[in-house]
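In the two complexes below, subunit A is the common chain; its partner is subunit B in one and subunit C in the other.
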Partner chain A sequence: MRKRIADHLPTAVLVVLLVVVVIAMSGLSRHFLAVSNLLSAIQLAAPLGIIAIGMTFVVLIGGIDLSVGSTFALSAIAIGMLCSAGVPLALAAVLGLLVGVLCGLLNGVLVSALGLPSIVVTIATMAGYRGLALAISGGSSFPIPADLAFLGQGYVAGVPMPVIILVIVFAVAAVMLMTTPYGDRLYALGANPVALRFAAQRSRRLTLSAYVVAGFLSAVAALVYGTMVSSAKSNFGTGYELAAVTIVVVGGVALTGGRGSLWGALLATVVIALLQNGLSISFVPTEIQTMFVGGALILTAVIYRWLPPLLVAGRRRDTVVDGGRTSSTATHPATPTKETTQ
Partner chain B sequence: MKLTRYAAVLGAGLALALTGCTMGSPDGATGSGGDDDQIQIAIIPKINGIPYYQAVEKGVQEAADELGADVEVIWNGPSTAEASAQVQIIQNMINAKVDVIAVAANDPAAVAPALQQAEDAGIKVMSWDGDADVRELFVQLIDANEFGAALADQMAEQVGEDADVAVVTSTLTAPNQSAWLEGIKARIAEAHPGLNIVTTMESGEDQELAMNQTKDIIRAYPDVKGVFAITTAALPGAAQAVESLGLSGEIAVVGNSTPNAIKQYFDSGTLKSAVLWNPIDHGYLTVYSALALAKGEVVEGEAYDAGRLGSYTPQADATSLFVMLSAPLVFTSDNIGDYDF
Partner chain C sequence: MYRDRSSQISIAVFLGIVLAVLALLAPRFFDPANLGDLGTSVAITAVVGLGALAVIATGNIDVSAGAIFAISGVAGASAADAGLGPVASLAIAVLTGAVLGAVNGVLVTLLQIPSIIATLGTASVFSGGLIFLTDGGLWIVGLPKDYTWLGQGSVLGVSVPILFAVVLCVLSALLLTQTPAGRRIFAVGSNAEAARLAGINAKLVEGATFVINGIALGIASTLTVARLGQAQTNLGDAITILAITVAVVGGTSVFGGTGSVLGIVLAAALVELTRSALTFLHLDPLWSESLQGLFILAALVLSVVQRRRAGRRLRPTSIFRTEASRA
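Here is the complex of A and B:
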């Protein structure tokens, strides 16, 4: 069966965008193309990139998780406070990851067992988790000991650890999504929730798992970030939820679920990281950088929305005798494409 | 000048984005910092786009204009007062190989690793406003004791030497406010023993909360004659509370805030005086201090030039060296109209 254009479009668009960004930014600053700069740009974006990978799982099943930034903060605070309380570092790190899993679990239970809309649940837990982080920390910052610093500040063969962790997380997540039956079912659930509703128990478990992955990866990001800045504070990750959604959407993952690839999310992380880095080292103020990111979001959204119908329409004009398969979808770009893609 | 550059950047970006064309100038002819003789100073506020830092930026711009083409001053802060955004900017300034990074730290611990990396890369690091753990020089705003003393004196002047007073602060752990409160208490013990602080309430940096806390204080302690409101949000909030209870002139409010936020309460007579440092001078001094640091002129006990502010002499502190901006700037109804920030 022929894969639809829409499935490969984001990757192609993002590669073009990446080339454009790299050329433009190296024109703006002579420091841009230095390997150390590029690695540092991706290092800084790694925590957000890891969160965006988790967000991809949730968006693929047609949900959204707006609590990832707060989960990130709560996990970071947990790690910082446990370290300060004298808990062995490795145990503190593991417990911090567990906090993320629990946050995701609660989201998942509220969404799947109680059947609440994910946006409502996670807006609530976004406030709740951050409130909890603020309450238990009292607003002060907790040091994260230097013995853990290699996770955030270390290098292996010249590559920053956060970049390595991002790549590992991506590889594991990609294998899960692309090669396992679990991945197939996630896509299927997002593409056609009604069909899977007949297998209610399975669909609930799947939903739960996606939120747990998002919570867990938010905690992984917190561990990376906390060790990068050697401290934890309850306001960490403010606004990360929308930044993660931005990455996922720029990455071409459909908010309606069922469509999109992890490659898109990774490429979008890199494109946005390099865009912000290039502007920043050219001394462009943060506000203007933010406008560029917004512009990238709109630009890609327009391309993803309108290019496939245009291409399909173009092809249809060439081969009119294609049979009566879908003469309607070709002329109505507004029809959301909701069929499964396997 | 700045605006045109942003416009150019925007235009170039848009053109590229729209046409996807390739622009082959990798050596950065139009780029920044092509000139190695030029000293580049990155000044990073806690947050961009709030009136207080806009005032600081004015002073920064003034100094930059005076110093001309030998010095490029980069002003860029995060859009949220959050450590990660500031870390990102610091990291990018390291990559851009600036000569000096001057940071007003949101979270001293969180920016420390990035600042250490900057020092390792041979960049001079200094702090201003919010101190950092890693730095060669700290351009301090104000002496906390002096500041607290000025507030206590103003309070005594308005409520007399024998009265109950209350405090509305940001949080009990905020370093600046804690130090000022100590200064207030020290001055009361020393010169105004009849002033009695009955309660201290937290209001974050939230004007509305400060207003409600002040109302609660006035209701709970009917004998309170004065309120110290010691954040830039608390002062207008407390003044608002006193006014809405119709107690203007009966309950004194003193504290610190930016003039535009409190002008109306001077007009209505609720406020008689307020204290602030001069943020414009602070920005100005930060630039000259950064330049001195870049030139290796920051040495303990040796004065360096600070333009129209004269000269400053660094002194040693627990971390490294510091200079103190100035004596407190006192606003009254006579002079508040002269300031616009």
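Here is the complex of A and C:
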């Protein structure tokens, strides 16, 4: 029963958040609810949303990838430099995606083969990849030719391409996670790696795959973003790793692994995109937006941690004492803490 | 706590190699003025690392260090700018750091939010709050002489930041190795459950390390601001990564419950020395960030090799408590 509440809670919280944000923002600005504005808000958030989908894979297996923003920058720089060097555009784009895959591969090898904690490994590669992007580009920016601009600036049936790419990536990832044995194994690895080993599954290879997905999707995001702004610079995606973790956590994916859904991550991307867009078009300064996002992160983390035990405590009281639903008196959550359940 | 000195030996050997290369290729590096300057940088970086050591040794992480550094530095500088004495300004910076650290501590221990999420959230709130309270950013220049003495002055030929660092390092080393409090920090880091059963108030210890980190950041930011003679709101931008680099390269705890002050000092020296060496060897300083990443990876790989040699079971990681207890 507790599992059920915990599984459906994020969606409920996010829908409530979404409604609150939409009502509040349409109150702040009458331009907010225009379809063109909503689409452009999601278009701008699409690269981050794509990265967050990759991050979801890693977090589901109980890891974290803080190098996604740097992988994003390195892939963008690779695409920009290759285009400037006269490499055919399609090839440059493919090689850029390959850079992302290689970055993810290195993270995955360090985490899975050496058994190192993902947080420290990816902090190291975050500095490493970003530094590499900075060093090979010399800090200057490279133009990305207009022939590729369709990916970032084009429209199909009135919908911006980045939004379409986000939806495609989401659909493919959702099918992988929800309907294939691979997805089941990822959840299993996050929920209980020891049991997975007893089931004779190759957990190292699975771990590796999650980081490769994260690296690849960071590169896809770089391709979308680079073609959106028609350039590549080594400071691209600074802070994206933290933004992606924020989205994943707000989306209700447990950092302990094994719990959460892509729907949550997508909903959280939309909520945060609309929050920032609404505040922007109402001329609320960036620093207040940052504070709102940080506050939302802490608030949802507290809700996800404390609401399920409170609800369970309330129900238990119902069945045992046959009293009213006085969950407000349940000041002492009866469920065991994280440390003891694991 | 493990008495394993091999990571410190490897850092020392690497430092020796870099120094030898510099002696051959860029003898000007050993100019007393440059060495003094380098020593001051190492000292301030080491103070930042001491705070990170405390937090990481208990199996947590603080990614809001940069924001705390910036706020406490600006708070101290504003106090000095308003005419307060250096001691009062330093106290205000330290107090600011301690309060912000306590906020992290409360979120992590009382509300039981994983430290990475809690400090990620506070990093946004703190840094956003700083820009908001300073009306879009601040640049304090022309700080009074008695305040800048904290960063630029010297006593008997030794710069004040170095003196601060030496005192703090000695105090930390005594605290960590000679007192029950230090033992508790490492005990909570190696096995929180066992520590709790042994009667240690693990939450209190964890919360305290965040406050200690805030205090260290307050001191380090004051030294930095006083040294530069000016304070800007973007003061802490590189500090978060720097703190984690120094702590991890210094051998702190990714396998739980380890870490030493000597390691922190050596790691601080390594980071600052290579940064400076790049310039002296006419290499592009743009590579320094990559090198930082490389150092962390090298330190991590080394720690794995050591543990395999020692035949210990690999048990990552203490930073995510759950991953640790699971393996």
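One rule holds for everything that comes next: the second predicted complex is superposed on the first by the 311 of 342 C-alpha atoms of A that agree within 3 Å, B and C clash if a C-alpha of one lies under 4 Å from a C-alpha of the other, contacts with A are read in each partner's own complex, and residues count from 1 in each chain.
Everything below uses one rule, namely that contacts are C-beta pairs under 8 Å (C-beta built on N, C-alpha and C of every residue); 3 or more make two chains touch, one makes a residue touch a chain.
Bear in mind the structure is a predicted one, so any value in this text is a computation, not a measurement.
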item	value
Which superposed partner A:171 touches (first subunit B, second subunit C, both, neither)	neither
Partner chain in contact with A:12 - subunit B first, subunit C second, else both or neither	neither
Subunit B versus subunit C as contact partner of A:294, first or second or both or neither	second
First, second, both or neither for A:115, with subunit B first and subunit C second	second
Which of subunit B and subunit C A:139 touches, first, second, both or neither	both
A:235 touches, of subunit B and subunit C: first, second, both or neither?	first
Which superposed partner A:310 touches (first subunit B, second subunit C, both, neither)	neither
Touched partner set for A:64, first subunit B, second subunit C, both or neither	second
Partner chain(s) touched by A:156 [first = subunit B, second = subunit C, both, neither]	neither
Residues of subunit A that lie at the interface with subunit B and also at the interface with subunit C	138-139, 285-288, 290-291, 295
For the subunit B and subunit A complex, residues of the former touching the latter	6, 9-10, 12-14, 16-17, 20, 22-28, 30-34, 42, 48-49, 74-85, 87-89, 91-97, 107, 109-114, 171, 173
Residues of subunit C touching subunit A in the complex	61, 63, 107, 111-114, 116-118, 120-125, 127-132, 136, 192-193, 241, 244-245, 248, 254, 284, 286-297, 300-301, 304, 314, 316-323, 325-327
Contact set on subunit A toward subunit C in their complex	62-64, 110, 114-121, 123-132, 134-135, 138-139, 192-194, 242, 245-246, 249, 255-257, 285-291, 293-295, 297-298, 301-302, 305-306, 337-340, 342
Contact set on subunit A toward subunit B in their complex	16, 20, 23-24, 26-31, 33-34, 36-37, 40-41, 44, 47, 138-141, 143, 149, 152-153, 225, 228-231, 233, 235-239, 276-277, 279-288, 290-292, 295-296, 299
